[in-house]
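So, here's a batch of structures to check.
Shared chain: subunit A. Partners: subunit B in the first complex, subunit C in the second.
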Partner chain A sequence: MFDAVSSLISSVFSRGSSLSVPILDGALKPNNMIEIATIVAERQGLEDLALGPDNTLYAACGQDVLKLSDAGDFTVAAHFDQPVTALAFTSSGELAAGLSNAVVIGGRTLDSADGKSFVSVNALSATPDGGLLIADGSASRPYAQWSHDLMEGGRTGRLLRHDTASGRTTTLGSGLGYAFGAMADARGRILVSESWRHRLSVIENGRARVAVPALPGYPSRLAPTQDGGFWLTLFSCRTQLVEFVLQEDDYRHEMMRSIEPKYWVAPALSSGDDYMEPLQGGSVKQMGILKPWAPPRSYGLAVRFNADFLPLYSVHSRTGGRNHGIVAVVQRGDDLFLLSKGAGRVLRLSASDIQSAWAKGTNE
Partner chain B sequence: MSPILELRQLTKVYARVAAVESIDFALMKGEVHALLGENGAGKSTLTKMIAGVVAPTSGTILLDGKDIALRTPSEALSAGIAMVFQETSLVPSMTVAQNLFLGNERFFNRVRGINIAAQQFMQSLSFQVDPTVLVGSLGAAKKQMVEIARAMLLKARIVVFDEPTATLTPEEKAHFFELVNTLKQRGVSVIFISHALEEALSISDRITILRDGRLVVTDQTANFDRARIVQAMVGRTLSQELYGTRKTTVRPAGRRVLSVSNLRVGNVVKNNSLSVFAGQITGIFGLVGSGRTETFKVVAGAIKRDYTNGGEVFLEGKRVRYRVPAQSVRDGVAYITEDRKIEGFFETMSIKSNIFIGLLAKLRGKFWLKGSEVDKVGDKWVKSLQVRAVSKGARVIELSGGNQQKAVIAKSLVQEPELIIFDEPTRGVDVGAIAEIHQIINRLADEGKAVVVISSYLPEVMQLSDRLLVARQGKVVEEFSPIEATEEKLMYAAVH
Partner chain C sequence: MSNTLTKLRYRYWPDHVFGELLQKQWMETAVPLLVLLLTIAFFSSRIDNFISPANLSDTLRQASELGFVVLGMSLVLIVGGIDLSVASIFALCNLTALYCINVLGLPAPAAIAITLLLGAVLGAVNGVLIGYMRMRAFLTTMVTLIVYKAIHDLLNFQLAVAISSVIPDVPAWDFLGNGDFLSIPAVVWVFAVIAIASHIFLTRLRPGWYVMAIGGNRRSAYNIGLPVNRVVAMSYVASGVFAAISAIFYASRLASPGADTGKGLEITVLTAAILGGIRLGGGKGSVTKAVLGTLIILIISNGLLRLATPAGSSRVILATILLLAAMLDIRWFKNRHKAVQELYVSPSYLELPKSPPTDAASPFALNDRLRNVETIGLGEVESPEDVILDKDDNLYCGSRHGEIIRFFAPDYKRREVYARIGGQPLGMAFDAGGTLYVCIGGMGLYRVRPDRTVEKVTDETNRSLLSVVDDSRLRLADDLDIAPDGRVYFSEATIRYEMHEWPTDSLEGRGNGRIICYDPRTNKTHTVLRHLIFPNGVVLASDKQSIIFAESWNCSIKRYWFDGPKAGKTETVIASLPGYPDNINLASDGNYWLALMGMRSPAFDLAMRKPAFRRRMSKRLPGDEWLAPNINTGCIVKFNEKGEILDALWDLGGANHPMITSMREHKGYLYIGGISNNRIGRVKVDGADPEFMSSGRYHV
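Now for the complex of A and B:
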């Protein structure tokens, strides 16, 4: 009884409140695997990855969909009049492209669903039954303005399912804290990542049930693996400074009014190129070296989960690295392809090498 | 050269069990003599007989070749024999000078006078301790200096140290060794009990090893190495069994049981974050003052984090803030203290009663159990952890260090915790009991419990852990896999 009253008083008066972010440890123990990954291709504007029906890797880049050869050469497979913000192939092999405010599926264009226009389509994923999952991150801000949505505390994301056979689109979940990745897993469950709530949820009967809470970063797109598990990308890590700014409304509004978005105290996809970037204490270079454990403005991270939502291992590009802003991942056989939006690179790692390094403890 | 102290066929029998049997021992003038043995080998009993704390059952003690009977510690002190216990006998609320002259005050005392006398005396011993400061504010090493100075002031010719270095930091240990050398140069003979074999090898002139109350060997230190000492102490080669093999596999992490985020406790714990997973042993290594103990005392509700911006603790995904340890016990957290004698048990109560008290913390609103139930629970855990005692109703204070530690572990495990935090689990424990405690820790992890081992002893933490966290200046700074970690890497992370 005393505890209940005490915690009620504390919650009303914000007593004993604390700003904390989860730590990268255990299966999320930092390493440099993404940083030392093979660079398959390098091009500014890379946005999403997908495996085509011919098992070839495709990449969304600017207004193009590019076919990527094993040698790293690009050929344009499709061109759109807007930047491509999401990419997938349906189970029947049709190309599906998100254009922030529309989805193009095999030449057909969808610009709304359930009476609401698309605003920020950022992820597409085919389901085995011929459907297509559509993540619409925000109802108020286009995809390019994702950091605006974060600073405005956006909770207007939705997840939809488009039935390619009937042409019907239904809303699976709404009020999401920036839906930025969706996937149907081997057990038929629909997973959605909510970036601003730092969690992965399972959509059941129109409601989101939290499957992985309190992630240390901002989750983005997902990719299934052969064993029923999946890879989850996190495009940046949380820091106490950003969490603090998100609590301070006046400061945040003033910052949004008076400062260029690239200098906001907000997560970024890349960093280190501009001395005017905001830093958190600890991110100061000593003897010309930025400590890898310093609070990150940008970070590279992808986490491998099993089918029970237990993290197994992870790959990183730490603070001071370059291959940051991992927003897409695709596994083809033993090859794991990662897209670093911050560096504009497609990277390749060996899935078995990652697994064995973690098993042997050589994942330094 | 004739010995200053000689023991002949010295025997002490407790309840028909011989703690020390027919010991012949000689101590030379100006000699540092290390006394080694497992817990329960009889070292403490032997030295207590020398210091007049315990009367021998039979045998003789010769001082300067004369047969003497030491019935009380003050008689021993008058004869020039002083004993410095692990827990010092100083009064913390009095100054260094007052402690030095305690019991020897004149009818009228001038504060300035005793301060000057104390200052001069400390300087004569080359001890850098301010006589005007309160003893309670001194570190462990300086307290020992005062203790030694007091013995010297009483003109002790023989000083017995019972595990003097157990609670000292590496720097303090180095200082202590200098003190022993100072005593030696002044012609004082030193008997030195320790579990740290390297210390005995480095500072003693001769080593005597006891096992099961009997003297196994006495020899010049130069003739010993670590392996020979361990062999003599335990009668088997345990060192290899304990720390010899490098870990080649680790247990995979289960669910996240504990998550500590940005924890702050005064200026001791600074923005500390870590997680602990089920089915794994998470080893925490760090130097004294790295905030390891304080972090986990917050988790267990023994101390409180800063009220504002003190960080968060999540247990099984639920945010927790404990006011008292009983709350954490009910949530399945067991903290096994590093300081068992102060915080671990009620020393004058039996093992079973202590285990029962551990159980009471778990049972909400229940203050009484039937005697038969207490016996049953006690018997179960005494058997399970192989706690060895002279009799069934033995008090915990009568047990050896290793068995005391097992009793403390039993007192926590009876609460059926899911998260078990061992803080320096083998400090002051003999080699044989270390192996048994390690088995218990491994068994818990194999059963799927989340286990934390805080240890300052690198080989131990490397051998036990499935993942290794290194703490420095109040926070965890690096994580290592024990397969890849080396002592150099860990120490580098802990220091730099």
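Now for the complex of A and C:
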């Protein structure tokens, strides 16, 4: 009875809800696979990956779209006058590029849909029926200011579908807690990552239904696999400190006003290179080592789900590692390509090796 | 505007005092006292003349009678038992006393002696059964309650008429019941004397400590050899005697052998004891609490009587109070440490000046000069907070295992345990005789003589006048230097936390630390400076009349004069550093080396201006998740007495020396230590005096 009363009292007097964050367990048990993955190519400004119609890998990097050979050489395939924020190929093989406030498909440029301009286009994904899914993360902040949107509690993301045949664009869902990655799966369901709500949603009849709740990180772009499942990238992990700061309006507002975004208490794509970044108690180096279980400011994580939205296994780069901020993934045959935005690298893993390591339990 | 208010509020409102108050033992007595005052206030607002002299005198008389029984019950409760039979013992003794006086016509002293003896015997029955036969206190005393009551009823039936038919004329006996001394009833005097004696017994005498110890933990008490059985048995005897004393006064006042005598007394007494704050589980309680509980109960029951509450309902009220008090008792003792924890951490407002730039044009310009240092003892030493070298170039450092390790010159490949101390060695200094003076976290100032004997120099200083918690013990002595006359000046980083709790102190950012002086001539220790924000890194300045020290969380360097024309003055040398300063040591060119154990981050600086934010953070997040000072990157800087930065050495990325807490120049090299590191670094200093030694000039 006392517990009930005290929880009632604390719900009245304390600020906000619980600060607990899901732990990395089960299929999310940490390993070092991303950290020790083969580095295919390294280049500052890498943003997104897509598989071209010729089955070669393309990468968005700065204002360019680059073709990446198996040897790791880049050749410029297209150039834009703004940074490319998303990349995809339509089912007919046309290049589609997001430019934060516009989408270019083939030669055509879309800069608004349903009467609202694009602000933060951050993911594109072709559907088998010739459509293109467009994730517009926020209606108030351009893509480069994603952490502003998180700190402002952004719930203005939307998911759109552009029909290449008719040229019409329709809104599938809006009011999303930052749409960052979308995909149509083998059964025709439309999936969207809602980063700030830490979940994957399925869009049904204009409504978002939770498909995977309570992720331990911030979900970003997705990529389908042959068996009807998919790979989900999480660009950073959640920490209790960030959840706490999200409830602390006074501190957060002053932080946004007076401190450079890269030094905010906020998730990051990479960390550890600048001593002016905030540090948490558990991240203090002991005996010369940053403990891998320390609260992560940045993290590298991709999770493999099956067609029933159940996580099967995952690959990690833990706290203290380099290959953090995994924002894009592409599977081509047995090769799994991951894009670490934090390190500016394209990494390669063998899908069958991952699977067998998890099956044998040697995925340490 | 609101900022100024916040500043003033945190400057003048002593948040930290509340947590400290809650830790005090007497706070548990303050709660029943408050309840008593509230009860008095409530009834005097409802009833006219509730606090009239006559009424007061009457209340005190009753309170004293009841108080004896409560004292006895408290004693039994403290030792971990319960005595329900007090009511029956009381009734039997009442009957006996009256029989002795009225029927047998014995003189008062004889009647009193017989009654007391009876009380002792009745109590001893409980005592033997519970203490020696190990029977359950609750069941046993319930049985004796019934048995004694039955005996009382039988005797009362036979004797009541005989007692009532005589009105004895024994002045001494009447004085007990109705007499006054200095217009205060006799019974109150007796109670006062016995209460004070009981207090002394419980708090100052060995048997009283036995009682507390056995109640606190019976098994431990047995294991250390206390006579558990006897003490338990004696507490029941005492309870019986106290009931008898009460009965004597009751008998002399009312002279009534009624069949209802003492009915429900055990509930009243138990309520009084628990309401006063005496633990049902044993081990905690005091005479003051028993007295407060008695007064509360009496005032409530008298007040209810005066308010004309029906007899039944007033007992229901009392029983409800008992239930609530027992519930509170359990909840409070279960959660007390949590409450203390919640209130103890009390962040303050700390506005640091703007952090100086560390760009290429600044004196702090980043470089990699510490990246490729020689490492000594990698993986062989843990937590070398400070390093020091002797005349023969041997290297000494502390370890977290409580040892001082010596690495042998010239190559420092061999090592041995130089001395075992038991606590983490922090700052070190040699005197001219080769004795090593060491600050030990959690222990105080120690020295290791050249023959390796370890001696405590001091572990306490004078207690400050207004401290709530005794602050005379040294909790975190951390760096020292020796003055020319042999006095040792050392810093104590915080008086509120232990060494491993330094993150909590950084979260508070209050002036919790002090500078202390040990004087070998008088062998006395006294505090010279208080309210410093994590003072650290003490070094003797060039004028030999002052020390330079660092205030870590304040990111500043200060200078304090202990002698000469400026004696007693403190001045700021560097007002704002880009990081958190730790140890300071002499450089061969007359300047000073300073270790920056970590660098300031804007997010943490902002948090230091948001005390309420930090308080909530400390409550809602585990320590590993707290925002902390960034001590993963440190550097070494050289500064002069004017406060100018002359040089900076960095290990960016912290490959070898992420956190630097100390460095020592010795014969052209700089030796580097870090409290969270597992190695010592050594780097050549260009242009340094090849004969220079930083320590060992003065005799203590």
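Keep this in mind: the second predicted complex is superposed on the first by the 347 of 364 C-alpha atoms of A that agree within 3 Å, B and C clash if a C-alpha of one lies under 4 Å from a C-alpha of the other, contacts with A are read in each partner's own complex, and residues count from 1 in each chain.
Everything that follows uses one rule, which is that a contact is a pair of C-beta atoms (placed from the backbone, for glycine too) under 8 Å apart; a residue touches a chain by one contact, two chains touch by 3 or more.
If you're wondering where the values come from, they're calculated on a predicted model, not measured in any experiment.
Aligning the two structures on subunit A places subunit B and subunit C in clashing positions.
Once chain A of one complex is fitted onto chain A of the other, the partner contacts of A:280 are limited to subunit C, with no touch recorded for subunit B. When the two structures are aligned on the shared chain, A:239 is found in touch with subunit C, with no touch to subunit B.
By the touch criterion stated above, A:360 is placed in contact with subunit B alone, subunit C being left untouched. In the superposition on chain A, A:77 makes contact with neither subunit B nor subunit C. Of the two partner chains, neither subunit B nor subunit C is touched by A:211. In the superposed model, A:307 makes contact with neither subunit B nor subunit C.
When the two structures are aligned on the shared chain, A:258 is found in touch with subunit C, with no touch to subunit B. Comparing subunit B with subunit C, the partner in contact with more residues of subunit A is C. Residue contacts after overlaying the shared chain place A:26 against subunit B, while subunit C stays out of touching range. 15, 19, 240 are the residues of subunit A that lie in the contact sets of both subunit B and subunit C, per the superposition on chain A.
For subunit A in complex with subunit C, the residues that touch the partner chain are 2, 15, 19, 239-241, 244, 248, 250-251, 254-255, 258-260, 263-265, 272-273, 275-288, 290, 294-295. Of all residues in subunit C, only 331, 382, 503, 598-604, 606-607, 610, 613, 616-617, 620-633, 653-654, 656, 658-659, 676-679 touch subunit A in the complex they form. Here subunit B touches subunit A in the complex through residues 250, 253-256, 259-262, 273-275, 277, 307-312, 314, 317, 321, 323, 467, 469, 476-479, 481-484, going by the rule given at the top. Residues of subunit A that touch subunit B in their complex: 3, 15-23, 25-27, 29-30, 213-214, 240, 293, 310, 360-364.
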